[in-house]
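You will see two complexes here that share subunit A, one where it goes with subunit B and one where it goes with subunit C.
This part shows the complex of A and B:
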């Protein structure tokens, strides 16, 4: 077996996987804290990428600033989506909320097609085409940035949830919303910044991954699908699960595509979902919750 | 109550007057309706948009000249086939049954054309455009015509050039996993083997893939002299060309026939510089009707005129002229016979149709130089 190709495929997989991690973390946070399965999550990924593009071309700022601006703007949109869309639906049945989020997704995707146009766009990053050769392996700077930035951000998210006051409020709300409210936590406020964090992470993923491929308004449906596979693998509501699940999916896809068949690449993700739901419905990496 | 009665009476009177007056306005003759069925949403949406824009610009050129059949204007009715056979079939049905169009232009993707031709079979003039699968015309019908060269015709011309001019000894393929892609690989394996170019491997990708690094890593490890990229939509094509460069592949890149356009060059950046392709469309040709169309196109739309748009324009052009010569927009036997009986001067040069309705077009070899598509040689 050729170890250089194997190593290269694992590197490809880890980079793709880190993109999935960022998408899935937002999805899993919103589910954990608000019990909402948000089908519109992928559209925030798409908006993050498109806003980066427009910040670059219209305002002429550099790539890093554009990515940050887009992330902050979409985090703001996340607060808006929660305040004006999900909050009024809070008392409804969860299927109503799920279907409404699907509606929101279609609305944003079609609105984007109307507003941004159907022609594919490309986010120019100064790091995209420069291939760095590390020993026998080839990685572009952009792909290194995707991995490094996502790793730093994930460490930050973990620290935020674990050790800050706001993070602990999120944990409390996730464990028992009524109990949290009784102890004086403003759960509305918690919901708001959970959405901001989730949508910001999706947007950051969009901004980071965009320079590696072309951008079009329906790209969100791809993103939310990968996100769901990772969330199911890692266990709903678990951030560490999303991290491990995302990296695992990336590597498995890349090795499956490389050594079995490329046409099979997407099928691997679905096969994993079925297997996980059959044998470990609580997720691959979480301890069983049925005992609590 | 009374008020309402008066209002109703007044409305009725107004309508009656309107009707009485309308014959004067109706002096204008009814338009010739042509259905434009194209992918206007999904991953092929941009290509569909280019196609419809090309048709509109040509319709405008003809209408400004006074239309056809003694002053009838051409009216395009657009439908979205979403790039799928099901939607293509339903669009053709709506065009025929609800909107009562005179003729149909469609079939941008082979899979759609193959399904759609069964709905229009022997019922209405149906021009298929960019689809390349041979069976579109091989199993066509008496009113069916196809403009693009088939993938077999293209690969015959292209492989000769690859054998003679490109100094490569081995090639690897990355192709789309559908009827068109599979047929292409099969063709080239045979044709290139005949001039001793070794085919080192092939990777199929899916219609909605956005990451090709896995496939390209595999192909690069085979160490071929050239990578042949078969990509039918602009967005996936541009991603593949960029990622080839990002994997630090240093060999020759060969672009699949008929899939080069200005947007692709813009999106792919330096990755496409110097790359060859074959096309029916050479933007630097001196054809006068091409120039007229390009001027109109640039006036009406912000995109650059493209091959896909020029094919749409050619469809409108030959249909308009054929209906005009046949003296009717509905006598399909006569129109079909007229189309097959003579040569046509179009914006892409002189063409003729075989008995099966397949167009015989000029095929140009083009190259990307300084971000422009320039013609290098022409064959047929």
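This part shows the complex of A and C:
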């Protein structure tokens, strides 16, 4: 019996963790390629969820189309954010860039509260109420979709970075921007592309996870905190680290929330960041420093 | 920029409550003085040590809770509250700084965010001590030993806050012209170079961080005894952002900048009350515009102007 509870907790944790993975992958890509810690990253998650909601309710498209539309729209917004908030500061100290991203984050979060209203929204997904049983464990279809879609997307991202021309250009820019520019790579274009990809991933996470919970305009700061925790665990700039870190955080939180205290569930994550940054600042899973 | 005009400035600040006349504007003045104190404390870390912290509001909260709890549950005289708050906040600051200052750059910001969030979570859930999300109300108003002054009135509390603010501003100035202050700047500009000239970078930063957290604690104590209600929200990201906005918009690394920044914050908060929550968007835009177009804050406008005047006079 206890074994079943434990198994259920782990499954819930893995599903939550997969959401974190999508958020953190974008954060880690932006850090790896542009050397930017983007405090506003969570806001793109929030925008993804809200645009899905509005596509569903205003345009009446089905859930899958709404999620895709939101993802593409937010990817476009990501290019704009890079153009206006980060590119002008490219040569500045990282401190200035972090402040600019804080400003952007406050701008989007407060703007969204103004625009969308502070009351909670429910994203209706046809899969949200269908429970499916796997052996003794129960998972809603929506949560299965979160896991499966995220797994497919992550495999795609990995393949993209590893084997496509664009992915290789991103790797080159991450390793040495000047060197990449010398070989004829348009690093400005790569930066914009990376931002689009990162923000698209965050928006997709929002679109997928939104139907499993209530949606508030303030959810962005929650998302970016989870992203930070995962990225710090996995090592800034590492995609594999984000994958492992996200799943680990999901499971640890789920078990901590179940067996210790639900109230301190969020504090577990912060305790992890502190321990990791002090003990292994390069991340738990990195063998050596991944880039530079 | 106010050199030589300091007595005049102090005199103007001193008669301000009489000038504005009404109790509500006096209340704004008190808030300004307290926020200015907090902004000065954050400026110590952001402006002088050159590290960005996202956990500063936690020390503000620790100060407020320390003074409130000690005076309500343990009979500590209220005027000792700010001192106790400074000590407790400095203790937390020293411990957290000792751990966190080994890391620099964006990771330091994330780490302080983590510590701040843990302190917030503890305050929110340790209901026996802090009464949790309900907060503490009916905190005794500020008082001075042997004097029967009603400090619930804004025009009187203003002088308390103003005196503390001026003392802290003077202290900051004295510190920054001292050897220690120059060490802060050296560490900010180039830590390895500073280390090569014999400055102990880590302990210099720890000292600055601890002083800053102690001052934030004093601000928290004054705030708690003035408003007489505190909730864990004092430690939330909202206050972190507000303090950062004051320092950056006013001008980091100066003494007058954060004080002006706090004034602008309080004034805008009031002036924009009609537009409701849209004002938060305005603040965010102000922060972003300053970061991108005016990195020295509003104070640098004055310098630019004064510099042009001087250049014009010379030619």
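Methods note: the second predicted complex is superposed on the first by the 288 of 292 C-alpha atoms of A that agree within 3 Å, B and C clash if a C-alpha of one lies under 4 Å from a C-alpha of the other, contacts with A are read in each partner's own complex, and residues count from 1 in each chain.
Simple rule for what comes next: a contact is a pair of C-beta atoms (placed from the backbone, for glycine too) under 8 Å apart; a residue touches a chain by one contact, two chains touch by 3 or more.
Computed from a predicted model, the values in this text were never measured in an experiment.
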Partner chain(s) touched by A:232 [first = subunit B, second = subunit C, both, neither]: second
Contacts of A:98 with subunit B and subunit C, given as first, second, both or neither: second
Touched partner set for A:278, first subunit B, second subunit C, both or neither: second
Partner chain in contact with A:85 - subunit B first, subunit C second, else both or neither: second
Touched partner set for A:71, first subunit B, second subunit C, both or neither: neither
Touched partner set for A:2, first subunit B, second subunit C, both or neither: first
Which superposed partner A:107 touches (first subunit B, second subunit C, both, neither): second
First (subunit B), second (subunit C), both or neither touched by A:173: neither
First (subunit B), second (subunit C), both or neither touched by A:266: both
Doubly contacted subunit A residues - partners subunit C and subunit B: 113, 118, 261, 263, 266
Subunit B contact footprint on subunit A (complex, rising order): 2, 4-5, 8-9, 12-13, 16, 113, 118-122, 128-129, 131, 133, 138, 140, 143, 212-214, 216, 218-219, 222, 253-254, 257-258, 261-263, 265-266
Touching residues on subunit A, where the partner in the complex is subunit C: 37, 85, 88-89, 92, 94-96, 98-100, 102-107, 109-111, 113-114, 118, 221, 225, 228-229, 232, 236, 261, 263-264, 266-267, 270-271, 273-274, 277-278, 281
Interfacial residue positions of subunit B with respect to subunit A in the complex: 40-43, 45-46, 48-49, 177, 203-206, 208-211, 213-215, 217-218, 221, 234-236, 238-239, 242-243, 245-248, 263, 267, 269-271, 303
Residues on subunit C engaged by subunit A in the complex (per definition of touch): 50-52, 99, 102-103, 105-107, 109-111, 113-115, 117-118, 121-122, 124-125, 237, 241, 244, 248, 277-278, 280-281, 283-285, 287-288, 291-292, 295
